[in-house]
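Mind looking over this structure? Questions follow.
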Amino acid sequence: MAGWKFSNIKDGSMGEFFHVNDADMNLALLPDEIPLETAVMIPDMVTTGLHGAEMADIQLGATIAVIGIGPVGLMGVAGAKLRGAGRLIVVGSRPICVEAAKYYGATDVVNYRDGDIVEQIAKLTGGKGVDAVIIAGGKPEVVAQAVKITKPGGNISNINYHGEGEFLPIPRVEWGSGMAHKTVRGGLCPGGRLRMEMLIDLVKYNRLDPGKLVTHVFKGIEHAERALLLMKDKPRDLIKPVVLVE
Amino acid sequence: MAGWKFSNIKDGSMGEFFHVNDADMNLALLPDEIPLETAVMIPDMVTTGLHGAEMADIQLGATIAVIGIGPVGLMGVAGAKLRGAGRLIVVGSRPICVEAAKYYGATDVVNYRDGDIVEQIAKLTGGKGVDAVIIAGGKPEVVAQAVKITKPGGNISNINYHGEGEFLPIPRVEWGSGMAHKTVRGGLCPGGRLRMEMLIDLVKYNRLDPGKLVTHVFKGIEHAERALLLMKDKPRDLIKPVVLVE
Amino acid sequence: MAGWKFSNIKDGSMGEFFHVNDADMNLALLPDEIPLETAVMIPDMVTTGLHGAEMADIQLGATIAVIGIGPVGLMGVAGAKLRGAGRLIVVGSRPICVEAAKYYGATDVVNYRDGDIVEQIAKLTGGKGVDAVIIAGGKPEVVAQAVKITKPGGNISNINYHGEGEFLPIPRVEWGSGMAHKTVRGGLCPGGRLRMEMLIDLVKYNRLDPGKLVTHVFKGIEHAERALLLMKDKPRDLIKPVVLVE
Amino acid sequence: MAGWKFSNIKDGSMGEFFHVNDADMNLALLPDEIPLETAVMIPDMVTTGLHGAEMADIQLGATIAVIGIGPVGLMGVAGAKLRGAGRLIVVGSRPICVEAAKYYGATDVVNYRDGDIVEQIAKLTGGKGVDAVIIAGGKPEVVAQAVKITKPGGNISNINYHGEGEFLPIPRVEWGSGMAHKTVRGGLCPGGRLRMEMLIDLVKYNRLDPGKLVTHVFKGIEHAERALLLMKDKPRDLIKPVVLVE
């Protein structure tokens, strides 16, 4: 939770200098060749999205679905490709995100505006479903949808922060009445120096370019409000804005 | 599902001889020293209960809860001990099952008649909860209870056949809004020759005595109805009846 | 071992029709869009090389070495990239294989003709070594080299058939006198319908092109001898020959 | 390595008070009911021996061999039982250790003075070998013996400190020329507060009594030399001596 504390509880993270405890465990060296706006994706969008792929326990050639293709979901797509997914179905609708999803490895796109996504994915897969689902968006019922489209023995990996509802529903029948070996897990992304160094290497050795997520770059802290409003308004050309401070 | 087919679909399993496909994969040799009434527990109660412990991914010294201590739950208790659980809390009420649970390794007993089991287990563990839960009984809301009593990072392992309700509820807040790494899985027990040979060795080398489950033994197929009625009526002295046919 | 039997013991595999037992478990459908010379790589080079990456248990961004870049080693390189390796060091010398290794994801090339590979890799990694090694060639002492270049906690994954020597040596000191958690494993590649379908999907969805391995294609069984001689003589432009029979 | 530093590098560990860094991560509370001489086994013999069983990845009912039944090996035996081993073959000769091995769960005893242990274990298992081996003693060739008695697909887990020899030999033929999926691993035991608390629970809840290891208890630091000489001379009635200091 250390990362969360920096952005929510601990004072001074916007200061010129600030205190990092156990720096040897928490600070990684950024190579010069990685642009700052790309770098800032690594300890947040990248580690979260990739963790979705890790929890999905993807086997080489597996068919994977990613529900939600905002910045985190897009890194879930990239993570699924990086773990060796074969077919990679994404669920989303914003054109700029769909385009980015294809760039990061999506092979099929399902738009929830075209009908029930469970039925659409059943049709796409000849009724078989997928080996694993990464949930990166949606309301509580997205968990039910994910279980429904997963094959027996498959995994549902949640990296979506669920902010509403009392329960996330596992559909009884499609969970095989408890007998289908469909595993539901979810968790906060890992952090720390070693993790960051490994993710930096993915960027450095051209395995992953998180830069594609950054559609708007501002220079100067005075643009922070404008950037925040962008995230609220979500114009058509936005994935993620970054504010660089000298 | 092969085992399930024998008892539900395939004809002849009550005959003097019957057909087993891929016999080399499905038939194991029973050593003479294991009584028949003990043996008959192995491919059903034992493999199911132990699978609950396997899916719980128990670490040495972990604190485990088993909800439901019918025959399958009792083998879940035995399985948790066999995987190296430390503290082992069971939830149940029938005296003969509580006694058997202690025999198989339970260290603490919670009776749902004494109040909310979530609160009782919170009190027992000083508010920390348990490392894993094996669900071997209960209505759909047992899944919510299990998630509530599990520590972040822990496992919920379901071996209960859920026969009612549309959804099994994961409680949002106690699931860390999706961030708590609490894994929910559930599945049918494994079968096959190799599995049975390994379970037989557990009995043969005195690691496990499933015989304690068998409270009533009948000789002769003519007692089948009486045995079935016992399972329906559940007298105080019953755990599991067996009918032996010469 | 079923695959091995077809090429070594079972008669008829060169016939117009031949017998495959448990066909549902062993035969996969080849999509029209995959050329035959590419397809024939899948159940041999591809599954073996990728299994090397699987046994190496590669974490996202890990630094991996592949020793030996013949056709199997090249698929080990591809497999390491497919599992999410960051830096990827290969050991080899034949120019056409070095070029192919770069195509499949190698970031650094070490030539054993330039000196001791252990020292070269130590220098490349600032003395840290690599997270895992895939052994796809070499004499028995390659195991010692692999252990030496692996970090504590890392994996050595062998897919090389060792045909000579009484022992494969684990170097005592670099194995931490047994305390360094360096795991040595090795095994024959998995086969079967499900595996092949998943590997086919890797090709179908453009995650992997094994076609680059095939440098020579002959049409007609009468060219078999010429193809075999190519494998013996290893001309500069050879990686793998294929003979297609109508 | 923190534990090792306390006993080998860091000054003051014999003082009345001494410095422990990151105490919250490294100090666990000892319950009153565990005697001191039992407790002192936990962070050394117990965690090491049990780690041997953990690295062996024991499945329920598996057949396990433990080579070497000094104090660490005996905890390997206890660990194998705690993970659910079925048959449990130990290799040793000292009568007091053999007796303790049986107490901790051994089902069969092999004495290397009665002939080649590889042949003896082959005979005991009808030529099949064992599912995993824990190495807790022996010279470098013990690794070769362990590989030879392990089934394809099995694990060799080393917790023995190897102090001599340049190489530990993996026998090529019995390793399936690299194709047999026999995994060789070895490592230093884990430490830390959480681990210790879990091991303490094993003792507290009567899953394990390491007290049986302690054959000699001395009170007062002035007996340290006598205790050390015991470990050197190994009288017939010794497993482990403990010196308690008020």
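To keep things simple, chains are lettered A, B, C and D as they appear, and every chain counts its residues starting from 1.
Rule of thumb we're sticking to: a contact is a pair of C-beta atoms (placed from the backbone, for glycine too) under 8 Å apart; a residue touches a chain by one contact, two chains touch by 3 or more.
Because the structure is predicted, anything quoted here is derived from the model rather than measured.
The most distant chain from chain A, with centres taken as the mean of CA atoms, is D. With each centre defined as the average position of its C-alpha atoms, the distance from chain B to chain C rounds to 43 Å. Annotation: 32 Å between the Cα-based centres of chain A and chain C.
Centre to centre, using the average C-alpha position, chain C and chain D are separated by 37 Å. Under the contact definition stated at the top, not a single residue of chain C touches 2 or more other chains.
Chain pairs that touch, as defined above: A-B, A-C, B-D, C-D. Against chain D, in their complex, chain B makes its touches with residues 50, 53-54, 59-63, 79, 81-88, 107, 197-202, 204-205, 207. Within the complex formed with chain B, the residues of chain A that make contact are 135, 140, 143-144, 158-172, 175-188.
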